[in-house]
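What follows is a set of structures for review.
Shared chain: chain A. Partners: chain B in the first complex, chain C in the second.
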Partner chain A sequence: MTAHLARRTAQMLLVVYGVVTLTFITVRLVPGDPARLMEPPGTPETIIQLVRQQIGTDKPLHVQYGDFLAGLPRGDLGKSFRGGRPVGELIAAYLPNTLLLGIVAMAVATALASIIGIGAALRRNSVVDRAALFLVAVAQSTPNFWLGVMLVLVFAVQLRWLPAIDMSGPESFVLPVATLAVTLLPLLVRTVRQSFIDALGDDHVRAARARGIPEHRVLLIHVLKVASLPLVTLVGLQAGFVLGGSVVVESIFNWPGIGTLALKAIQDRDFPMIQGTVLVIAIVFTLVNFVVDLVYAALDPRIRY
Partner chain B sequence: MSAPDARASAGRRLTVFLLARKSTLAGLALFAVVTLAAAFAPVLSPYDPLEQDLNRVLLPPAWADGGSAAHPLGTDPLGRDLASRMLWGARLSLLISVASVLLGGGLGFIVGIVTGYFGGWLDAVLMRIGDVQLAFPFVLLAIAVLGVSPERTPAQLIGVLGLTTWIVYARVVRSRVLSEREKDYVRAARALGASSARVLLRYVLPNVWQVAPVIGMLYLGFFVIVESLLSFLALGLTPPTPSWGSILADGRQFMMVTPWMPIFPGLAILLTVLSINLVADGMADYFDPKLMKGYAPRHPLPPRMAIASDKVLAVRDLTTVFRLGAGVLTAVNRVSFELGSGQVLGIVGESGSGKSVLALSIIQLLDAPGAVTEGEIVFLGKDLARVSNAEMTGLRGRRIGMIFQNAGSSLNPVLTVGYQLVETLRQHLRLNSEAARTKAREALEMVGIGDPDRVLRAYPFQLSGGMQQRVMIALAMSVQPALLIADEPTTALDVTTQAQLLERLDELRRELGTSVIFITHDIALLADFADVVMVMYAGQVCEIGPRGRVIREPRHPYTQGLLNSVSRVRAPGTNRLSAIPGDPPDPMHPSTGCPFAPRCAYAMAVCREVNPARTGVGPGHEAACHLLTSTPEAVAGGGTS
Partner chain C sequence: MDSQHERDEQILEILTHKLRTGGLSRRQFIQAAALFGVGGALAACVPPTAGQTGAPAVTGAGAPTGTVRFLVAESFWANWHPFLHTAQIQNRIQRQIFDRLVEAETADFSKPAPMLATSWRQLDALTWELKLKEGVKFHGGQEFTAEDAKATVELASGATDVKVNTAARWVPTTGEVVDKLTVRFKTKEPFGPFLLQLTVTDVVSAADVNKGVEPMKAAPNGTGPFRVVTDEKDRKVMEAFSGYWRGAPRIKTLTWEFIQDSQTRLSALLAGQAQVIDRVPPEHFQALKGSPNLVLTSVTGLENVNLWIRQDRPPFDGNPKLRQALAWSIDREALTKNLVGGASETALSHLPNRALFAAPQSPKYTLDPERAKKLLAEAGFASGGPEFILWGTTGFLPRAKDVTEAIADNLKKVGMKPTVTITDVAAIIDALFSKDKPGSVFHLSWSGNGDPHVSLATLYRSPGAWTGAHDSKLDDLIDSGARATKDADRVAVYKEVQAYLWENMPHVPLYNSDFTIAHVKALSGLRVLPNFNTYFYPAALA
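Moving on, here comes the complex of A and B:
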């Protein structure tokens, strides 16, 4: 177990390091000078040079890289090119909003998907099943940025039931959560349905029925315990969708989260901020998947480290 | 089959498949429309998509007030024709997505083939790179990098999307190649000195390529969304290039004034991706048809008076069919037998003879789409084909126990042995948990398990096959059922374990007075275990009688053949495993005659036309064979000896 934890931690650090380094190098290799972008067109070269010195992009690449790595252990992610505030501070202020939105959306999506998926599996090839599968296909084909815009158009602009943008009270969660949940649903429903169908066909389920175990116990204990295993793994994948989707959803609903920070940083060519947000997203994603592995091992006795 | 024949039959299969799958057909039609619109965008567009006309900005679509036929979908904030921009948007979106799929898929496919077939250091390096890529949503990173560049051309977009997705194809193709490479005929070809290129092209590729188009289709839909998303976030193709995403972004800005504008690009994306996904689903099912699996909902037959019987079990004219798409398969055909208290009935037959379906018919747990359509199963005075579902659940486990061939998969893998035993005992015997625990320990001791406490705590995977089957027997026998159905319980075990287990089972059923139906394909096993032997062939009983008579004086040529093959295997000096030549008949197309006739050395003209009825050949001994009603002595000559 200890050896496994050590190996997994090393693996996680390697992935995070690789992702961050790749970001560091590629944003600098792509043409376009952030200093020039920060000043109005036609600014004299001498002033641009001063800006470069101020933000540190005048130094050789390996020196910049060294400074960046040296800061990491201290939690120093550098200062934003725009406004000069420490990147770490901004991320610490914005990240909880993203996590809150993501967790609520995942909880809603998982609950809905379980009901739809199990219902469809138990009535396989019925009207219910077909309708569920069709809805899933439509949801899978719906671009979430469009859905977000349409939800705002209908519920905020036309009907005026809900706030269109900004994070305020609980009602401000409804539209962004709905948008994210629709993105998460298709894969969840398909997985729940398929793993339930697979588990229902397992030999041990027939054996349990042959022992006279009543149907509700067969479904709620024997089938559910086996069928829920793939769902756990899916949570890790979902974390990726949530973090990726946050860029879109936060931009549509003006949500003060890490996606908003990342998008603005990309548009501004704010290198420290891009590196910082990518680093944090990478850490959250690998950590979630690490926890998922541990939970899976705890649920499935066949896996022991 | 020659090549043109194969092609024609593949074409037929595709036609049949498509006609049965309306959703795939609809997806294909929709996708064709989108593709044609994209291909002919330059011809179809009424205007240049980049042509601005600031006198005609934000015009409504033709059907709304103030709209005109000159601009069917209206105009955008710069006075550009929306219909033209939508058409060109389709063109660019599909172009970029298809090219990205070809790049990522092509690269991944080649990498998968090479690493899977040749292995070595290249495999190790490429797969580790892939692992890192898979450990993080790399598309996100790619988007960040892409967004930073000041100019974004279609080629850049294609490069980024293609290069971030190759690993998925590579992994799937690689694992397929790995399993293909080890198949007998591929190894044989390599051993015979076929070149790597020839083995790959002739043997490996034909069984591997099918996975690529399905993944490719799914990515195609994904890329259409990603391309629009990038444009929507102003990170996609550099404006003023028309893209669905940038039209949507414009529409969002003027949402208050022109609420219709965001609807067009969204619907276009939705319908395009939906069509692609429907085709992908169809392709997945076409290339990899999943078999129907699972339990058939039970529908009791209409009630009727059962003929009384003093036996534990009396089965009369039992018929079980499976209604499949291609026709009706009769798996059990008018089977009748009786089983007295404490007796053992051995049922023997090849796989596919219907013996397992017969067992599942009795306990009423048939796989979908199976159903008992005729006959009676009178168990302790109740007709199991006609009792209610609730009553049947009450009988299962309590009065009828069953053990299966694969003990390992018949135990729930994520529940301990103790949990499953206690659950069963409490269900049937109304015990508190402590008493159930004690009883569970006794049950394990009863089947000869020396350390019951360890086994109670264990998960099934921690036990050997023999132990697992002992646990199954304990599960079935601990509540002392009147009838035990054992379906090849020892087939998966080695000979020593098999003998120990059978001995234990025999002792146990004597102690408890349980009647047993013992199903096997090995007639030799029944020689010292069964009271009555029943031989099944193609869903029918061909011979039934007391063990001594059937084994010493078999009257049906099939029984004789079965015994013959056993004695020949055991005879010294022969090392050839002899079986009856030929194969069982196709159950979908039964003949009107005796099902065994095509393989029978004594078959007569009548055998191919009339299915023989069971006739008595001795006390309690019956066989279904025309030879017995015409010239009995002809059969005696072909006996065992």
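Moving on, here comes the complex of A and C:
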């Protein structure tokens, strides 16, 4: 187990290192000079060059890369080109909002998917099953930017039940969570449904029923545990989607999260901020999948590290 | 209706009648209204002027109340030093925090009004004397005097050692303090736009200037109606300045917040989470017009959106016929009406249509493919071409992608070979300055303060960093326009400049931008000007 943990940690570090290195190079290959964007039209080239010196983009690429890597062990992600605030400080302020939104959305989506998927699996080919599959098809073909706007127009503008924008209280979570959850739902429902159908036909389930174990115990203990394995894997993968999807959802709902921070940083060619946000997203994503691996092992006794 | 209200109504009726018939000046009207204690109802009573939704100047009455949240489309990317940036959003928010010596309070930029200067006179071609307002305080508590006016203009105009961005729009101007409330300015050479430059020059404290650049970049200290209390990356919260010399603002808290997405801004307004939004795209007009509680105010901006040509790169450099062919190839009317919409107007000159001394030029360069093909042949492209990159932006000009693609279609029909590249502002600016992208043409805009000199000097005077301008005759014309201090002389010079530009077509002016703001009906007195300024004094929230 210890060896596995060490190996997985090393892999995680390698992935994160690869991601930040790729990001570091890519942002500098994309057209757009941050120094010129920071200065108004008509600024003389001497001033632009001075700004490049101030923000360090005049240095050779390998020197900039070395500076960046040297700061990482100290948690120094550099300073934003815009406003000069430490990148780590800004990310620390914005990241919890994204994580909270993502966790709530994942929890809601997983719970709903379990209910719908299990219900559909238990009544396979019935009206309930078909209705569930229809809903899944609708959700799958609904873009989240459209859904978010529609939810706002109905529940915030017309009915005035919920706020349209901002992170202001528990009620402000409803619409962004619903938008994210609907996007996550189709794959989760299909997975739950299919894995339940498979598990219901397993020998050990038939044996449990033959032994006269009550149906609810069969479902909760013998089916659920096996059927939930793919779901756990999927939740890990969906974490990446949630972090990516948050850019759109945060923009629609003016949610002060890391998605909007990253988007603005890209537009401004704010290299330290782009590198910082991508680094943090990469760490979160690999950590979630690391945890998923551990949970998987706990759920499936066949897996031993 | 109670008796107090009835009394107020009667007084207001009499005063308003006198104002309309010329029996009272606006200032006397305001003073009388304040004297009778009916100022609170004024915003709804004074007839609005063009491009405004309420009264241009009303003495504040009663304690400030209410919170106004204004969602803006441009991020706050600049600093607080009024002279070390040219960011439009920063200039607009500074209008709430700083005052100017002279004010452009309506859409008529030819009639500057007194602000911190109560009167002025031109002593000779170089010298102006201004009498200043007494009893004005900065937010930091300092009293405003002639020393502050002197320090402001000297710094803004580039007459000091401090490098400032605003200097490009000025000529160096030194000040002389005659007495505490009288200042005399001397421009290095005759400078026609002097008064109009004062309308966009925020007055700073001499003490702040002496502290150096960094403190001024960090926090604003003006004499304006609002002072900043919270300064976050995308959100600036201001509170009414109780010591404001024209009377405290009637809005207690004013928040400006950056929200890039126009749909999000619209949703917030419709849901009652914001009171004002800007840069409303025409496709949202219908949704807003259907609401009885919202007001839509559109003005034609002092901004020419151009087909912007690098004048120092082949094949467009030194080839006016080719540039004229571009102009005859594009259906500018259709772009304006069908794609941009709102209050946008087809450009009639290289100056924005509402700029001072702007005059419609002839021919109108309407769509004429045959004429364009003929000119192309004369320009050396009889068998088609030229090939070039046509750059368009995302997230900057409204419907820029659609407009750029429509232009490309127009150009292809006459045989030109544009390759459309749509990208963000960062990349397009990079392309504009890169030396390895010959013949590039850009869909870009430039806004000004109403005086021709600002845009002409920046875009067309050598060395044109943004345009590659290098035309000595044009340089002379632009300089003589700046030196002309009499209106008649300026009219003559700018007539010649516009005709010269129209003939040589260094850019193809496409249209003047639409600038539309939407706000709740409960907010009265908001002023929206073509120079994109949005004044929240003396607005009031019912």
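Observations
The definition used in the following text is that the second predicted complex is superposed on the first by the 305 of 305 C-alpha atoms of A that agree within 3 Å, B and C clash if a C-alpha of one lies under 4 Å from a C-alpha of the other, contacts with A are read in each partner's own complex, and residues count from 1 in each chain.
Just so it is clear, contacts are C-beta pairs under 8 Å (C-beta built on N, C-alpha and C of every residue); 3 or more make two chains touch, one makes a residue touch a chain.
No experiment lies behind these values; they were computed from the predicted model shown.
When the two structures are aligned on the shared chain, A:Gly83 is found in touch with chain C, with no touch to chain B. In the overlay built on the shared chain, the residue A:Lys264 is in contact with chain C alone; chain B does not reach it. Once chain A of one complex is fitted onto chain A of the other, the partner contacts of A:Val278 are limited to chain B, with no touch recorded for chain C. Comparing chain C and chain B on the residues of chain A they touch gives the larger count to B. With both structures placed on the common chain, the touch criterion links A:Ile165 to chain C but leaves chain B unconnected. Residue contacts after overlaying the shared chain place A:Pro60 against neither chain B nor chain C.
By the touch criterion defined above, A:Val27 lies against chain B but remains apart from chain C after alignment on the C-alpha atoms of chain A. When the shared chain is aligned, chain B and chain C each come close enough to touch A:Val149. Of the two partner chains, neither chain B nor chain C is touched by A:Pro73.
In the superposition on chain A, A:Phe253 makes contact with chain C only, not with chain B. Looking at chain A, you'll find residues 30-32, 149, 152-153, 157, 251-252, 267, 269 touch chain B in one structure and chain C in the other. Residue ranges on chain B touching chain A, taken from their complex, read 23, 132, 135-137, 139-141, 144-145, 147-150, 221, 225, 228-229, 232-235, 245, 248, 251-252, 255-256, 259, 262-263, 265-266, 269-271, 273-274, 276-278, 281, 293-295, 363, 365, 393-398, 401-402, 404, 406, 409-416, 420, 423-424, 427-428, 459, 461, 472, 475-476. Taken together, the chain A residues at the contact with chain C in this complex read 30-34, 36-38, 40-45, 47, 82-83, 85, 90, 149, 152-153, 156-157, 160, 163-166, 251-254, 264, 267-269. Residues 75, 77-78, 85-87, 163, 165, 168, 233, 259-261, 263-264, 267-268, 270-273, 395, 423-427, 429-431, 433-434, 458, 465-466 of chain C are the ones that touch chain A when the two sit in their complex. Residue ranges of chain A in contact with chain B, taken from their complex: 11, 14-15, 18-19, 22-23, 26-27, 30-32, 124, 134, 137-138, 140-143, 145-147, 149-150, 152-153, 157-158, 197-198, 200-215, 217, 221-222, 225-226, 229, 240, 243-244, 247-248, 251-252, 262-263, 266-267, 269, 274, 278, 281-282, 285-286, 289, 299-302.
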